[in-house]
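Per-chain numbering from 1; labels A, B, C and D assigned in written order.
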Amino acid sequence: MSILINKDTKVLVQGITGRDGSFHTGKMVAYGTKIVAGVSPGKGGQLVHNVPVFNSVEDAVNATGATVSVIFIPAPYAADAILEAAEGGIKLVVCISEGVPTLDMVKATAYLKKKGVELIGANCPGLITPEESMIGILPVNIFKKGNVGLMSRSGTLTYLMVSLLTQNGLGQSTCVGIGGDPVSGLYYQELLERFENDPETEAIVLIGEIGGDAEERAAQYIKEHVTKPVVAFIAGQTAPQGKRMGHAGAIISSGSGTAEEKIAAFEAIGVPVARLPVEVPALVKKALDERKK
Amino acid sequence: MSILINKDTKVLVQGITGRDGSFHTGKMVAYGTKIVAGVSPGKGGQLVHNVPVFNSVEDAVNATGATVSVIFIPAPYAADAILEAAEGGIKLVVCISEGVPTLDMVKATAYLKKKGVELIGANCPGLITPEESMIGILPVNIFKKGNVGLMSRSGTLTYLMVSLLTQNGLGQSTCVGIGGDPVSGLYYQELLERFENDPETEAIVLIGEIGGDAEERAAQYIKEHVTKPVVAFIAGQTAPQGKRMGHAGAIISSGSGTAEEKIAAFEAIGVPVARLPVEVPALVKKALDERKK
Amino acid sequence: MKIHEYQARNLFRQYDIPVPDDVLCYTIDEVEKAARELNRMVVVKAQVLVGGRGKAGGVKLAKTVEEAVVAGQKILGMDIKGCTVEKVLVADAVEIKKEYYVGLTIDRNTKSVLFMASAEGGVEIEEVAKENPDAIHKIPIDPDLGMTDFMARKIAFKLFDDISLVKQATDIFKKMYQLFIDTDASIVEINPLVITDGNVLKAIDGKMNFDDNALYRQASIEIMNEPTEDEKKEIAAKESGLTYIRLDGNIGCMVNGAGLAMASMDVIKHFGGEPANFLDIGGSSSPKKVVDAMNLLMSDKNVKVIMINIFGGITRCDDVANGLITALNQLKVDIPIVIRLSGTNAEEGLRIIAEHNLPIVGSLSEAAKEAIRLVKSL
Amino acid sequence: MKIHEYQARNLFRQYDIPVPDDVLCYTIDEVEKAARELNRMVVVKAQVLVGGRGKAGGVKLAKTVEEAVVAGQKILGMDIKGCTVEKVLVADAVEIKKEYYVGLTIDRNTKSVLFMASAEGGVEIEEVAKENPDAIHKIPIDPDLGMTDFMARKIAFKLFDDISLVKQATDIFKKMYQLFIDTDASIVEINPLVITDGNVLKAIDGKMNFDDNALYRQASIEIMNEPTEDEKKEIAAKESGLTYIRLDGNIGCMVNGAGLAMASMDVIKHFGGEPANFLDIGGSSSPKKVVDAMNLLMSDKNVKVIMINIFGGITRCDDVANGLITALNQLKVDIPIVIRLSGTNAEEGLRIIAEHNLPIVGSLSEAAKEAIRLVKSL
């Protein structure tokens, strides 16, 4: 088991003929992800990494039965690609594209909700169920099958955490990069719910960062609904006030959204928070040991 | 039993302080309809026919538990009133207003669908469950409690039909004026389904008119889903081609939407169609007699 | 509300929908000048608000200026279904490789704007609709999204393979939808949309109708209205709150409600009579409205008998009766009247009418039969 | 992107949101002329892109022209949180009966535009938010509907009882929302919105921020940008695909990804060091980007050591290594570098680095400790 994707998940790639789309399609195919189709208007009938290309998502879904789409489309057209995926019958959309206008995402997420379609991203590295399926741009060699579920607002920080986990013998059930934009798809709460219900996941690592109150809300959710151990890390503990740190969501405004507040929220409900990334594996091991008792 | 409304239905009136709203509130109250609230922004706290007035639908619903709203608001603001009703917690909206722009109704009906709220109208006379509740502008004295369900695209033609039924001893379970605009709420199909499931309704009268294919679709639905007898009448049998007959929907264009086609569609599935209004009661009686056997 | 082709083409141009060059002409001199300036093969097209002008000879191709003048002479002033042609459009006649149909309208069933597209354009699309319905793609547009890129492209791929044409069509479809929404249209149609020899898409003929209920917020559309004489009468009636359509019979009808008005006409015809008009006095009638309606009926010299059929709901029968008495006092009404009243405040209305010794009948059938008897007795 | 108050006020005027008259002034002479022309009590307000100008003395009331000149002399040229005041707004000082707060922003939780309104305007709204959160009404706007009449009215009724004020507010709220949507704003704020003595609502102070991701389609907004010197450097970095924020420490950081960059800074601080900057080289890094990043780091004279922390995903470690070698060949880099590389193509990257005898460390903690050791050893 795992959450959201597994070895049987059929995936299509929107923007498969682009530079990034083509490169990462190769990586995904090599990892064993079932990439069954690509979409690129006007290039229907071509092959990319031996994957058939269609003119529209609808055509691709009808021909292949794909249920997940991963989007490598320039930001101005990315939201339209998300809508096309939802309208075309896709059930989970993973949007890698960076720099999508926020109001485009407001419209897109409202439509997805109406259609009952899930989204991860935009501006995210994707997700992986190790040794089964990787959808996105994750560097696969650092992952290892196991029982730790991981979710993160940050891409490369995820890689660091995962490699520390793997180095310490802690494999992962599923790792999800949720993206750091002001409006995005599945968030901590929805993923916590899924990890809680996933029999394979024994512990959860939550990587947050400064700005907003998503971590505080996650803490509230954990308190009420999560029985499995959670270990947290918050990036930006030393970030100066009011400075924008690359992620649009990561603004500390007037004393709320700080790392201290988030850390306090987690510790108040008994979720240990690592001060350094390197401390995470030990905290997870400790939590797993206690769970076994 | 009845469909949609009964003696316990709590109703609020949007536009209660206007000329028409106030007049018909009086008529509804006199009939025994449970009018529990009115809405008129800026006039909250007043009384109209002893009905308390609120500034917003939300306030009125919170204070009174109204589940149905009837709208007497000038056309340019009517669609906004429909949205307010749906957002404010109303479950069935009855819009009497005439002349609402079609694209306003396109937006409003999409929102109502998302919210799971039903609509009757716009540009309709409302509905009545005789001797229990009248919501709209129907002349109540012609109605009589009974077992005939009636639905119509036309207001005054409904009155004629109902008075003929009543004169002939045929009372009604519920009568619904669905309105004649290009985009409106509940239509033949949805009402046929409700009448079919209503134990009190023994026969159904469907009054159609030229234009569109709603009657043809109703015939198809009757064929597949309705076991109770249906009697139909189609107005506009002699209307000249291409002339607009008052209802925006009633345009005969290029040989489709004619009365002959609609009559043929009904007769093909065994639904008798009266040529004159006066023939309807006899057809209903005959159908009821056959059903009893 | 309908507009002429030349007006639709101008709206298309405002929205950057590609349309061949054209000149609107009221005289032969203007036609000659236009043909000379366009300086190539042209098409001369009657500008009338009725369909079927092609079959009526209202559209002619002209290879030379002389041919254009001859065409203009034939078309200007000709009668098409009762409309006199007062102006023609002289338009660039582009080379046509293939013709398509695309149109937007309101769909009652999906309660949305429906995009229709067919590779079988140029001919009567209604014929295609009947004989080969699958040849017309029908795509409802989600009002929350509008015409998205992907949806416009999806429709374009149904018509074209060439990606250059797909891109042009995607662009045109999005603009058509925007035009529809911005102007509260009820129809936006391009038939035919053509591929020209340069592999460029162009709108060769455009049709637009508008939602009358929305004209109050569409001033720039409303001023385009060019009503015919009959329509002017209908518009004047509308301003008094009446819906009026003149017909060819002799029994003037005054009814409240469109459905009842149609049914009244049906009943008159059923018993062998001929209605002179459709006249719906609508809801919330004031006595004033009835006076206006009587005025309208009396202005038609064909009317020999007046039949009044009122079923009060929002309309009050006493208002109608009072209006009628006022009208009879103000106007010289020298023809017989048959009256049927019921519904809201009917007793009071009937009392007022009875006081003035006007004939009252009990049912619609009786009213129709009496009106026919009176016409025949004249 | 942020804009000045005077720019926000001009946008408000374009949308018919009522704003008192004002004049933008760069000199004392202009201030005097403006105060004379407005010919009543004015307020002189520093135009800077940082908050807290009121507390810093950047806003002064002036009853006479002379007082306005004195206020202008004090404010023009003053320093507010590191920004020099180059211009002031001289604005009509209306009589204020009561102050309100209204604002629109993006809400991550409801994934929509959130309207915020409070009867406790004029003061620091953040204080109200903390101490009395119920005093701030928060209403998410359905993106499919936009700001409807009824919703704007509903919010207005939360602030006002008087129907005249409700109507004015309803109109203002709808326009604020339209302005937000039309310009791809991230914040539209009026604080305070006031009732003047004539019972008229006016926007006394306006704040607008915009979504940087949408500036490509907002040319008329983008040209309003007036970056500070530090921001110019950040913008130049952005144009090279880099996110750069200058800080006060001495360890120059080059990291890929915002989260990892923040975590790297955290680790440096944890071990007692001081980062000189936040520098995210982003995804799909080309060697060129690394050269640009090195250039940027070397342009800061405070930087004594450079710490590079790369976790390849979409970024390839070999690209980074090649870029670094190119940079070292092109630039005069006379300070020590600490490098940590892993992820996509890490082996190849490490091989390239090793060939050039650059110091490689195995973990982020080690890298931070080594950088700090090197700084201390200088």
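The criterion applied here is as follows: contacts are C-beta pairs under 8 Å (C-beta built on N, C-alpha and C of every residue); 3 or more make two chains touch, one makes a residue touch a chain.
The structure displayed is predicted, hence computed values, not measured ones.
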{"item": "Shortest walk length in steps over touching chains, subunit A through to subunit C", "value": "1"}
{"item": "Selected pair, greater C-beta contact count between A-D and B-D", "value": "A-D"}
{"item": "Whole-Å separation of chain centres (CA-atom averages), subunit C against subunit D", "value": "55"}
{"item": "Between subunit A and subunit B, centroid-to-centroid distance (C-alpha), Å", "value": "50"}
{"item": "Length of the line joining the C-alpha centres of subunit A and subunit D, rounded to whole Å", "value": "27"}
{"item": "For subunit C, residues that touch 2 or more chains besides their own", "value": "142-144"}
{"item": "For subunit B, residues contacting two or more additional chains", "value": "107, 110, 114"}
{"item": "Complex contact set, residues of subunit B against subunit C", "value": "19-20, 24, 75-76, 98-107, 109-110, 125, 137-139, 141-142, 152-160, 163, 180, 182-183, 187, 207, 209-210, 212-214, 217, 233, 235-240, 243-250, 253-256, 275-278"}
{"item": "Complex contacts: residues of subunit D adjacent to subunit B", "value": "142, 144-145, 148-151, 153-154, 157, 163, 166"}
{"item": "Interface residues, subunit C side, partner subunit B - complex", "value": "106, 108-109, 111-113, 124, 126, 130, 142-144, 181, 184, 186, 211-214, 216-217, 243, 245, 247, 255-263, 265-267, 269-270, 275, 278, 280, 282-284, 310-315, 342-344, 363-365"}
{"item": "Partner subunit C, residues of subunit A touching it in the complex", "value": "41-42, 55-58, 77, 80-81, 83-84, 87, 107, 110-111, 114"}
